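These are the structures in question, set out in turn.
What follows is a pair of complexes built around chain A, which joins chain B in one and chain C in the other.
The block that comes next holds the complex of A and B.
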């Protein structure tokens, strides 16, 4: 009984903060209405605000991050669970776990100093030269600070998280399935394919949770996305994300009418999206667990 | 022992060893243990605000503490956040690049003191690999305004060539990458005020402020950096870029600094002398209780043939009354110490204010009561 206040206070903090954020954003929603979400101008001096570029930027960056995380996490999961044994498995697992514990500022500094110039020279410029007729690659990469860089950097930072979720899902498939596969004469490759298709909903859930997490990533985004209120179909153009906007603008928002409230609105939108995504992912996981466990 | 424990222990041990080694080497370079400061009343002053003054306040605070034993904690959170914390009485004093707005000032009229206690310059930095180190690019407000509007696209634009006849053959036909501050900042305010005042209408009035919507963003050649360090880093990393930063960052990082045309049509590089020349015309109010919101206009692009045109003040904001008498005494002491001694320790990149400001500091020290 005596633990009850502590356990409930977290819930209370969450509810109170949601209420406060809603209250603070009400002002901006009343003043600007839907115009906040269809324009990309940010000029607090004359009281003009638009959140379209950061919102689109956030979503595109997070989708890219999840894509890159998938590209690296899936092979990593299979390697760890199927191919490695004994001491090498333990070393690789603990390195992945350690990566998850590294503060994001470390990724941010590394990404802005080394990853961005690397991507610009070896990925963006060749892609632009060869495929400039595709809108995604149509703009010349000016600085390297872009949606693609931010997506890649954030993707790397969420790999440990996504991998841990995938390994857990993989392990929770009863061993009987695997034995059955080998029992009917399936090769190792075929077994892995069957195991993967069994855990597909769990992998999807891991990716959605990763998406929710990369939506909120701030430090890396600010250092790599280019911080420009620019809306473009091209992945090499600088853009903005909502957390980067908040980090950049909150310090002086107090000096302007409505600026704080507009930033609270952007927090509200991101929070709603990530709460919905997390909720959806956990429903998938729960349904999958009840079905897979025999 | 588990293998993961071993990995963690090895990594931690390596990092700890390296840190200990560097700390020891640094300690030895500093000449071993220094004497402990004489402890005084143990008063702690809390301040918050502009990041612009942070290095200077740290310098002053450590000297002041060694002398009087009064500790000064300063949080570099930005001018706006500093003002907000000050009015909520979270901190004892604030530093703000812009002075209090006229409305705020009249709301608190008589109970708040402000002094423009330090001045700095905004410099235009560029990264053009083709230009040798001993050359200086010359720019005027119209050129910079047209670059930041996105009208001038290439470095070898006729307009830039005409300003730099000696460099005309070396300027490359490369797109200019335009770098600006993504966060709202006093630096941007100084920069855009200069563009508006000096460009003869090329830079419009509505694009003046701490955080604006940059026209060049629409071309995709614009990149925002968070803070002076963000802009500095992008300019260093990106060939053919241009940016604006506080002078001290350009010195520290050895960036190429452009000479800017002042109101007397001379191209001036920032220096201690050219900044002091710019401050000669500053219209500084006679009392710390006055409204300071017009001061910026008198310094930027001021007449005078040797003055550097983009300079501005940062203000310390204080209450006239403090509940704690010890705090009031400590603040009086600090203000007097700055006026009498502190300005001997001004760091590179900043410039001490004119004589009249020292009188303002003394006057403010007399006005503070508990």
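The block that comes next holds the complex of A and C.
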């Protein structure tokens, strides 16, 4: 068992990380308590901090990201597993793999320079003109940098991850189900519907894992979310996410009392949420696997 | 002639195909745009792009990204061996004793470590390394990257080791090889190609990570650094700062650096594809 110390390094890293973050955020929790989570005023000069806006921003952005990822990943999964054969399947699979590994900073550059203006002109402005009575679309898209842009950009960046998880789940369904469907004369559409309903828990797990990942996404969020402490029901308004807040405030935080500690508290919340989400997702997956394999 | 079921079938195929094309359209647009903008910036700067210092906001010349390239090289060279060796030991342990409670714990820990936001790791290393050393350094960046990449490397390597058929292990043990001997002379050589793939993918991940470097490496752009305890720069960090700046010249540098980073990633990706192809044969 001479490998034990090395193998335990992973465990040690996790424990130390959690202790450090908790210990650093203790100060802010003691000073401000629950008031941190119910206000969105951010004024380090007079020592007033509120994390409501970035927390809500993070959650809304990530939910949007997962929604967009679902809209594109599910068809992509079906195409790769059911419609494509031979060389074309190899090419599409390779493109998805290539997408999956591209550094997020590359997505961030592309999104801030091309995607945001595109969304502003072709999605946000028409929606605002036609549906401005709906609160979600009520504000004028000033620069395009907004919750919606960030959600869309992060959504694109997690498509390959979610798709890979879905394909893996789809392949782990025993072939007998598919044979049974075709055997009673089902069309391909009907077969796919049955296969998808069989893999629903696995798809849910893939989306939860995608959610956990987009909660922690930093570079794309900073480049697209607009970075302003602003809480609004409108999707076209600039906002903040927790990682974006930290990326822009942490460097100067030591100048103000409690600011650093508040930032540690914010990341502690995000970290707890994403660790819990990924544990929940893997529980779903394990239970699903043991039930689906006959 | 055409029943509803057949029409629905065709309709479904159409919709699915259209959405799949929409899903991969962004990446194709991204690659084209990065190549054009980055290529132009690099052409304008010439070979100096790899040897010069970055420009000031109002200079006419693009200059280069030498500090960032050297910084990324230093940080990768320090963190890759640490990551791979720790991940390899952990993977050997969990694949040799899969039902041991410690192994199960390590599996779960690797998963939860992967779900910690990378910016949190940057903040943790800031407390543990940067504050005690009293300055930013390549070393701090390398430690942060090692923590970020470790769960990935562990997953790749343990999948590779577990994919070796059990008969090889049984054969090795039946000729009285020790457990260590089996791992070193039978399992690792058989899984070798897949492990190489894992190492390459880990390297790509380390090279492209931004958030973990934000509060760890510092941003040394005035000279080309060569010491691991000095502050350095990194390519993703330079792109991050410059693309968010309002200066046109810095945007050009950022595009050039993005193209360079993407090119490096694509080269690694193609190498991985080649290795995988050989494994299949």
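Heads up, the rule we're going with is that the second predicted complex is superposed on the first by the 294 of 294 C-alpha atoms of A that agree within 3 Å, B and C clash if a C-alpha of one lies under 4 Å from a C-alpha of the other, contacts with A are read in each partner's own complex, and residues count from 1 in each chain.
FYI, a contact is a pair of C-beta atoms (placed from the backbone, for glycine too) under 8 Å apart; a residue touches a chain by one contact, two chains touch by 3 or more.
The structure displayed is predicted, hence computed values, not measured ones.
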Self-check item: Simultaneous placement of chain C and chain B on chain A, clash or fit
Solution: clash
Quiz item: Can A:42 be said to touch chain B (first), chain C (second), both, or neither?
Solution: first
Quiz item: Is it chain B or chain C that touches the larger share of residues in chain A?
Solution: C
Quiz item: After lining up the shared chain so the two structures overlap, which partner does A:176 touch, if you call chain B first and chain C second: first, second, both or neither?
Solution: neither
Practice problem: Examine A:110 and indicate which partner it touches, taking first as chain B and second as chain C; both and neither are also allowed. | Solution: second
Quiz item: In the superposed arrangement, which partner chain does A:274 touch: chain B (first), chain C (second), both, or neither?
Solution: second
Quiz prompt | Touching partner for A:94 - first (chain B), second (chain C), both, neither | solution = both
Quiz item: Now for A:252: first (chain B), second (chain C), both, or neither, which partner does it touch?
Solution: first
Exercise. Figure out whether A:139 sits in contact with chain B (first) or chain C (second), or with both, or with neither.
Key: first
Quiz item: Looking at the overlay, does A:233 come into contact with chain B only (first), chain C only (second), both, or neither?
Solution: neither
Quiz item: So, does A:286 touch the first partner chain B, the second partner chain C, both, or neither?
Solution: neither
Quiz prompt | Those residues of chain A which chain B touches in one complex and chain C touches in the other | solution = 94-95, 97-98, 112-113, 222-223, 247, 250-251
Quiz item: Which residues of chain C touch chain A in their complex?
Solution: 5-6, 8-9, 12-13, 15-20, 22-24, 26-27, 29-30, 33-34, 85-86, 89-90, 92-94, 102, 105-106, 108-121, 123-124, 127-128, 147, 150-151, 154, 201, 204-205, 207-211, 214-215, 236, 239-240, 243-244, 251, 254-255, 258, 261-262, 265-266, 269, 273
Quiz prompt | For the chain B and chain A complex, residues of the former touching the latter | solution = 2-4, 7-8, 11, 77-81, 83-84, 98, 101, 175, 177, 182-185, 206-214, 217-218, 220-226, 230, 233-234, 237-238, 241
Self-check item: Residue numbers on chain A that touch chain C, as the complex places them
Solution: 3-4, 6-11, 13-14, 16-17, 20-21, 24, 71-76, 78-80, 83, 92, 94-99, 101-110, 112-115, 156, 159, 163, 187-190, 192, 212-213, 215-219, 222-223, 243, 246-247, 250-251, 263-264, 267, 270-271, 274-275, 277-279, 282
Quiz prompt | Complex interface listing, chain A residues touching chain B | solution = 41-46, 48, 87, 90-91, 93-95, 97-98, 112-113, 116-117, 139-140, 142-145, 222-223, 226-230, 232, 234, 237-238, 240, 244, 247-255
